[in-house]
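Note that chain A is present in both complexes that follow, paired respectively with chain B and with chain C.
Up next, the complex of A and B:
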């Protein structure tokens, strides 16, 4: 049996942490992109589109992320679409993230006075121009804190990718545990690394929230 | 052909019949004040004139364009009709200058330089030339409303719709806004104002329209409306506000 020193454990965990970070970034970038499209679709007055967004949000908020990941990974391969664990994890986290961001942003956009839309309309701005020049610049300010706050959920959500065999921080932790039989030590390290990843995010979120409230 | 033609317009909010067959023609250069109690439909009528509200029956044309709530029509109308709101509706994240220049650059495709010249000219007109780089929140209510007027004027509209533009202002700030509007009236722009400022209506307008229960109850020169009201409702209204 190979001996693992603490340094070995931490080094291996940190290597896997890179994948956790990468997966979080991919999920967040994908989530933001999809959420932007969904937000535009929701604000458009076409009823069919906004119903679609409502169902989308309900489905992805109302089912466990783990099920979504299973369905992406096993479900897609059942209809003979081969998908890697990375792709399945990134895809399901993107869908999950976008469903929550769309709801957060909805609140931020709906609190803007209706007069902003009306004034833009009277000046001849189109729907997308109003969104781009008037609504989004104002909504982003209020949306920033809760969105970054939610990114903590995304980082922690990546742990579920371990279940479909993607080697990120949690998976590396359980592999090291199998080799060392020191679960308390290994998973304490794992937890500390997650905390180090998440704490700056939640701190930033709180900081922005305070800053924004103070400026009002 | 009149600049604004409103022909038997009916509007419903669900079962509520808020406009019950309104007819009104407005000539180029006229200054019209619409007065009446709240709920009489005067703001709704104004908002129908540029497509902010739809109507179910009848027709409205402004500057030879049919008014509907379709985006393409509203966009076309924005070049003929400007609107000023009770709550100013300035864009708080943009400076005064950017507020005024936004639509001319995006909608009228003016260059930034052209738009800047126009914006400065309009700000001078409303007496706020030094506020170009201020943000709306740094201005008083009266100043914000004057910026809103400058913003509307920068689109060089033929008609300016004013929806109770002094109602949200502290009393001491009303005068500065009305002075600007009065000056516009003298310059010959067509003005349609929904207002509670009866002195203004009497002194500045060419014609006063009294609305009651979703209809035009009485209209005429301000002298007749205020001194010789024909109907009981207008008599009561005039007595209650003067």
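Up next, the complex of A and C:
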């Protein structure tokens, strides 16, 4: 049997941490892209599109992320689309992230007074111009803090990819636990690494929230 | 291609799993919210030491994944002599998780209480406990009730992870069924639908309770 020193455990965990970070980035980038499309669809005010976005949000916020991953991983391969654990995890996390972001952004856009839309219309600005010059500059300010706050949930969500066999931090922790029989130590290390990843994000979110609230 | 009739023989399994999930959610919501209210009070009105300890707890839980907390409790604690059944470990994980989030949410509510209310209550001769329970707490919770509702639903959905330490919940049932009849997509689809139903019903229940509890404003 191979002996694992503390250094070995930490080194292996840090290697796996790279995958956690990569998966988080992919999911967040994907989530932002999809959420932008959905927000555009919602602002378009076509009834069918808004209903679609509502159902989309309800479904992805109302079902466990783990279930979404299982469906992506096992479901797609059943209709003969071969999908790797990485792709399944990235896809389901993207869908999950976008559903929450679109809801957060909805709040930020809807709290702006309706008069601003009307005033812009009176000034002869088109829909896109209103969005670009009036609405977004204000909405982005208020959306920044909660969006960064949500990114913590994305990083933590990547831990579930371990269940479908993708080797990231949590999976590496389980494997090291099986090799060393020292669960207390291994999972403490795992938790510390997640904390180091997440806490700066939480802190930034809180900081921005205070900053923007103070300026108002 | 989809074949749901293969799932019918396993209706019992699904129902049992659903019941376990409901049961776990019910207990953990109750305990988690009570603990959250206590900790929020400690953090808002306690000494700086107490407030510091509470905020370390809150940040630790909020910045680590639920599944790692679960593994730590279930696999880690026995090595220092704390043996727990899967059910107990899952329950504890859910409670400490919800408590951490609800501490933060309820504290935000308590923070909005105007200072004059405390002063007025003091002048009227109410003790700290009386002021907190009879004057401050209910309106504070009312303000953050939607956030609290969402958090309880998130914890319920998060409980799907408990299947990983073989708590026989709804997800566990789905895994069991798909391992027997290889109908994984159908099995998970039905399960996802059941979770969605549970989430919708939970929101309805919270709204009903909310209307009851926060009806004091209505003058009869």
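Going forward, the second predicted complex is superposed on the first by the 216 of 216 C-alpha atoms of A that agree within 3 Å, B and C clash if a C-alpha of one lies under 4 Å from a C-alpha of the other, contacts with A are read in each partner's own complex, and residues count from 1 in each chain.
We take it that a residue touches a chain if its C-beta (ideal position, glycine included) is under 8 Å from a C-beta of that chain, and two chains touch if they have at least 3 such contacts.
Note that this is a predicted model, so its numbers are computed, not measured.
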item	value
First (chain B), second (chain C), both or neither touched by A:160	second
Chain B or chain C, by number of chain A residues touched	C
Partner chain in contact with A:7 - chain B first, chain C second, else both or neither	neither
Which of chain B and chain C A:177 touches, first, second, both or neither	second
Chain B versus chain C as contact partner of A:63, first or second or both or neither	second
First, second, both or neither for A:127, with chain B first and chain C second	first
Touching partner for A:191 - first (chain B), second (chain C), both, neither	second
Touching partner for A:78 - first (chain B), second (chain C), both, neither	second
Common ground on chain A, meaning residues reached by chain C in one complex and by chain B in the other	none
Chain C to chain A touching residues, read off their complex	1, 59-60, 62-69, 71-72, 75-80, 153, 157-161, 163-164, 171, 174, 178, 184-185, 188-189, 191-192, 195-196, 199-200
List of chain B residues in touch with chain A within their complex	50-52, 71, 74-75, 77-79, 81-83, 85, 87, 89-93, 102-103, 106-107, 151-152, 155
Chain A - residues contacting chain C, complex	58-59, 61-68, 70-71, 74-75, 78-79, 152, 156-157, 159-160, 162-163, 170, 173-174, 177, 182-184, 187-188, 190-191, 194-195, 198-199, 202
Residue ranges of chain A touching chain B (in the complex, touch as defined)	113, 115-116, 118-119, 121-127, 129, 133-134, 137-138, 141
